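Below is a structure I'd like to ask you about.
In order of appearance the chains are A, B, C and D, and numbering begins at 1 in each one.
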Amino acid sequence: MRILVQSEPFDVGAETARFGKGHQNVGALVTFTGIVRNNDAGTMTAMQIEHYPGMTEKALTAIATEAQTRWELQDVLVIHRHGDLVPGEMIMMVATAARHRKAAFEAADFLMDYLKSRAPFWKREITSEGAEWVAAKDDDEEALKRW
Amino acid sequence: MRILVQSEPFDVGAETARFGKGHQNVGALVTFTGIVRNNDAGTMTAMQIEHYPGMTEKALTAIATEAQTRWELQDVLVIHRHGDLVPGEMIMMVATAARHRKAAFEAADFLMDYLKSRAPFWKREITSEGAEWVAAKDDDEEALKRW
Amino acid sequence: MQVLYFAWVRERIGLPKETVETTAVTVMDLVEELRQREERYALAFSDLSALRVALDQELSDFEASLEGVREVAFFPPMTGG
Amino acid sequence: MQVLYFAWVRERIGLPKETVETTAVTVMDLVEELRQREERYALAFSDLSALRVALDQELSDFEASLEGVREVAFFPPMTGG
């Protein structure tokens, strides 16, 4: 298991290559990468991500451990950035390695659902009109009931 | 759209990095990578992949185009190798780029289901006891009905 | 007891953390104490359905006991990923 | 008409492709003609439920017409991915 919480950019290619190496008995790797999208008006100059140092690492580790309990995974990777990002930048990634495809896909989807509503990150969009905290969606909480 | 059919290894890190760059309006990237697993007895020395040159490229393009019809995707990548591979080698990958997570995940899952049963590849396992063609699973055909 | 605030809770209250001397038994008791303090606290805690609480860095709820707890954090629903 | 064989169909018949002169109207007619040829063809085509057919590199079925078709391929269910 590899959990990284950092303000620096990460190299999705290098991380994927690293994650894909040296596993025994792995048949399937799934990665998900989240990218900062501009708003519909295209006026976003930055996305600020606040987090709760200490709790963040614990929460991510707990979520990854839960995924390993529910699915037979050979490995899990979670990277999440905080600080100031601009549209187009990669904000986070998860990766799962499993014997079979279904487990790798489902576990990655599960990690994303939990990361969205159970890891202490808060996004704020900075636009030419001002700054606004991103509101959590009811859907996000609903999504957890799938699992 | 990028479709590659090749006997040479591919660099999953470089491909992921390349795929992740320069998209407008993309919020989510999903990659799936398939790796040759050894058999349960650990006696596999190689996996040979036969394909139907000409039809393979057409079939992969058709499957990727179908994914783009069903989901709003900014980009699709499909790489599939043929020839002789050894356990641990990467056999194929797909990647999807979309505004939203759900489309990227579903489209990648769809691509894999169709690739398994609709692209003209045939696997043969070479073990110390001999060579055996991998049989298609009923499940694989069933899986297509999900979509 | 350390009390931490994040995101717009931090902004409304005007500070990221403070030490609070309290005899509150539950989180709800602590919230009531804070609400009494100043308008900015009352404002930040006006709608608890829009708030989440963590005790010693574990998600919890407003009915939970504060016994043995050293760090309480208040924040809006999380928006990671 | 070019006829192609893949995987164990290729192995049973003993060649990857051949040119076949035929007046077969459907794929099924062609299969019958091939079956009559030699034991190895009869064996390869003994269980059609275990076979798939592509016409000019598009998946098709055994009832399909061969009109205008230049390339027919027979193979087992695919196992890519």
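In this text, a contact is a pair of C-beta atoms (placed from the backbone, for glycine too) under 8 Å apart; a residue touches a chain by one contact, two chains touch by 3 or more.
What you see is a predicted model, and the numbers here were worked out from it, not measured in a lab.
Within the contact network of the assembly, the step distance from chain A to chain C comes to 1. Taken together, chain A and chain D share the touching chains B.
Using the average of C-alpha coordinates as each chain's centre, C ends up farthest from chain B. Centre to centre, using the average C-alpha position, chain C and chain D are separated by 72 Å. One simple way to say how far apart two chains are is to compare their mean CA positions; for chain B and chain D this gives 26 Å. Computed from the mean C-alpha positions, the centre of chain B lies at a distance of 49 Å from the centre of chain C. Those residues of chain A in touch with two or more other chains are numbered 34, 101, 112. For chain D, residues that reach two or more other chains under the stated contact definition are 81. The complete set of chain-chain contacts reads A-B, A-C, B-D. Across the complex, chain B meets chain D through its residues 34, 49-52, 54-55, 58-59, 80, 92, 112, 115-124, 133-136, 140-141. Every residue of chain B that touches chain A in the complex is listed here, in rising order: 11-18, 20, 23, 25-38, 90, 99, 101, 104-105, 108-109, 112.
If you check the complex, the residues on chain C that touch chain A are 4, 6-8, 10, 54, 57-59, 73, 75-81.
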